[in-house]
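Chain IDs A, B, C and D follow the sequence of writing; residue 1 opens each chain.
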Amino acid sequence: MKENARIEAFSDGVFAIAITLLVLELKVPPLSSIHSVSDLWEGLVNLWPSYFAFTLSFGILLVSWVNHHYLFNILDKSSRPFLYANGFLLFTITFMPFPTALLAQYISTEYAKPAIAFYCFGGVVNSLSWNLLLRTIHKPLNLTHSETDNNILKTVKRSTQIGLVIYTVATIMSFWLPMIALAINLLLWIVWISLSISTKER
Amino acid sequence: MKENARIEAFSDGVFAIAITLLVLELKVPPLSSIHSVSDLWEGLVNLWPSYFAFTLSFGILLVSWVNHHYLFNILDKSSRPFLYANGFLLFTITFMPFPTALLAQYISTEYAKPAIAFYCFGGVVNSLSWNLLLRTIHKPLNLTHSETDNNILKTVKRSTQIGLVIYTVATIMSFWLPMIALAINLLLWIVWISLSISTKER
Amino acid sequence: MKENARIEAFSDGVFAIAITLLVLELKVPPLSSIHSVSDLWEGLVNLWPSYFAFTLSFGILLVSWVNHHYLFNILDKSSRPFLYANGFLLFTITFMPFPTALLAQYISTEYAKPAIAFYCFGGVVNSLSWNLLLRTIHKPLNLTHSETDNNILKTVKRSTQIGLVIYTVATIMSFWLPMIALAINLLLWIVWISLSISTKER
Amino acid sequence: MKENARIEAFSDGVFAIAITLLVLELKVPPLSSIHSVSDLWEGLVNLWPSYFAFTLSFGILLVSWVNHHYLFNILDKSSRPFLYANGFLLFTITFMPFPTALLAQYISTEYAKPAIAFYCFGGVVNSLSWNLLLRTIHKPLNLTHSETDNNILKTVKRSTQIGLVIYTVATIMSFWLPMIALAINLLLWIVWISLSISTKER
């Protein structure tokens, strides 16, 4: 664990910054467009696509971080392939503010489809990066504790596979039923957190 | 504490980034609007709403971080419900730069009311997230040290309850007396820091 | 030291973010203003005020961080007054990107004076916050190791006092000789780093 | 290592923030320019220079961080010259979002040459800062463990020298064959990661 402290610190930094940069996508209604108090109320209400996108991505990143946290608990060393696979995972995490801003901008317009498809596809790539990371845990070196709790590894693996299937389905679906595809994204982390909380494992 | 090190690191990252992103709301007076040295002096003075909003939010986030810091001192493990409750708290923290920028933009205009009400309401949600976090400390698992200093827990609980009441009052009040509501926000953390410093506990 | 680990982590986060946000002040020459390859070369050269302001503030923040680092080496606990004094210091650090952007925008114009005075005054406030922090190390609690190396404390104190005097002089001077005042800012950290490196202490 | 924990934390913060700020260069296609779903698809495809620049710089920063990580593994103390040399390295890291944004803006225009030359030159300065850092490891104090694994030091030294030569060649080449120069940048980290992963050392 000691050896991995710095990888965790760097990863935590990237997760924390990506999750916090999401707020930059929320734009204050410009003064020039406001002519009365009720205009400003309306302006704040009309930002709902931004609040939605912010909340959606925050939830996804939070669940990712929690899984990352539990995964590292069972490792006690690293390897270069693992380091770079983790780097690829972080690549998909740092990218998140872009599809989030895209979603916020277009979700309430008639051009929502490409924004939603792009967003879902980001989930596919993220799932693939988790998949790759999990492989490097056993090859070329075994990085887990000798007395590893395999339940944690199983949980992360299962969530990775479920995530990959769901994001792939959502991406395909977004070309016909974009709003359903989006709802799946939202449900995914709400269900995930609910299951996590109700589970007996720590 | 060791087990919680990474949760603290992630939380510290989020607090540190949210508190530092506040500065992005301070906009340099555009060159095109400046025609003399005294124009620039005036431009810098006219930014007072931004300095005020920056200072106000910085104080609130700093007090939050100090409380978070003391709370974690008495915990030595975590649970998934705790992790997600902490995630919800961080959600309200990362959101802060938005109401801050809103306040800076509208506080000196005749449309200040919605901006102030929105800002105060942010305080209500933040207080609720603290409330939730404190619950997860005892349920489903007890996360505190066996020899826990209950004074710290009491201090955090009391400040959470006081915060919830005051922010609720301020939110309601902001519809009639917005400037008083805002003054309450400012007084809240000045009084809080003064009390903290004068107290005997470390 | 263990007890202070989280204060250091939070402070490091704030320093790291403030120093990295400086880069946002560097603006790529807009495509619409570029009509030839030499236009772009010229545009990049004309950004010298931004490069200068970026380098100046980076140096100041780096020296601040190094001093902060050495100061914490001699402490092994904290107090609430210390925590809030450290918070005030971090307030002056997070503010830095604003005077930096101001300087970058106006240093090459005829309105440089207020920008430089404002920048120097930021140094005065930062010096005052150091002063306050150093006081809270001995009152109300003594926070240093029993076997403290007083040389480090003396070094930090001396640099704080020198900083306060020089920034005050530079602020006053900036009303008559702004460029000299600015040169003093630059010399300050160049001399400081040179002295640090040539000194025998670690 | 303990003594260096805070230097690592600060450096990790700077690396993590610089790598995450790269995403700010990705700009959502403005709503006003979109008149159909296919316009938005096209707009997203036309962002390829931004995706490319983001990926290129992410890779370079990731490799830098991995090398930094391995270098610190063999050190167990620091010195002021080392601290400031590390600061200079971080200076070149925090600067990265600027040449990245410059590249993204100009790579697909006829004014690509200065942007590419500037980007490659950033690599030269970064290589020089690594060179300086490696020198301060032995002078004025020897900062390595007594039982140091010299292979790691050799690896970092070799990569620094190769980097310096290649970036210098790429910078010169960029005046005649800018696209080849750019391809070298990309190949550099792809080859580097491939070699790292295939190597037997951890």
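Simple rule for what comes next: contacts are C-beta pairs under 8 Å (C-beta built on N, C-alpha and C of every residue); 3 or more make two chains touch, one makes a residue touch a chain.
Note that the structure is a prediction, hence the values are computed from the model and not measured.
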In the contact graph of chains, the distance from chain A to chain D in steps is 1
Taking shared numbers over all numbers used, above half giving same and below half different, the chain A and chain B interface sides are different
Field rot_deg for pair chain B/chain C, CA superposition, rounded to the nearest 5 degrees, holds 90
Separation of the C-alpha centres, chain A versus chain B, in whole Å, is 25
Note: chain D sits from chain B at a C-alpha centroid distance in Å of 35
So chain C residues touching two or more other chains come to 9, 13, 16-17, 21, 24
As the complex stands, chain A meets chain B at residues 8-9, 12-13, 15-17, 19-24, 26, 28, 31, 34, 36-37, 39-41, 44, 54-55, 58, 62, 65-66, 69, 72, 193, 196-197, 199, 201-202
Within their complex, chain C touches chain B through residues 6-7, 9-10, 13-14, 16-18, 21, 24, 77-81, 83-84, 87, 90-91, 94-98, 101-102, 105-106, 109-111, 113-115, 118, 141
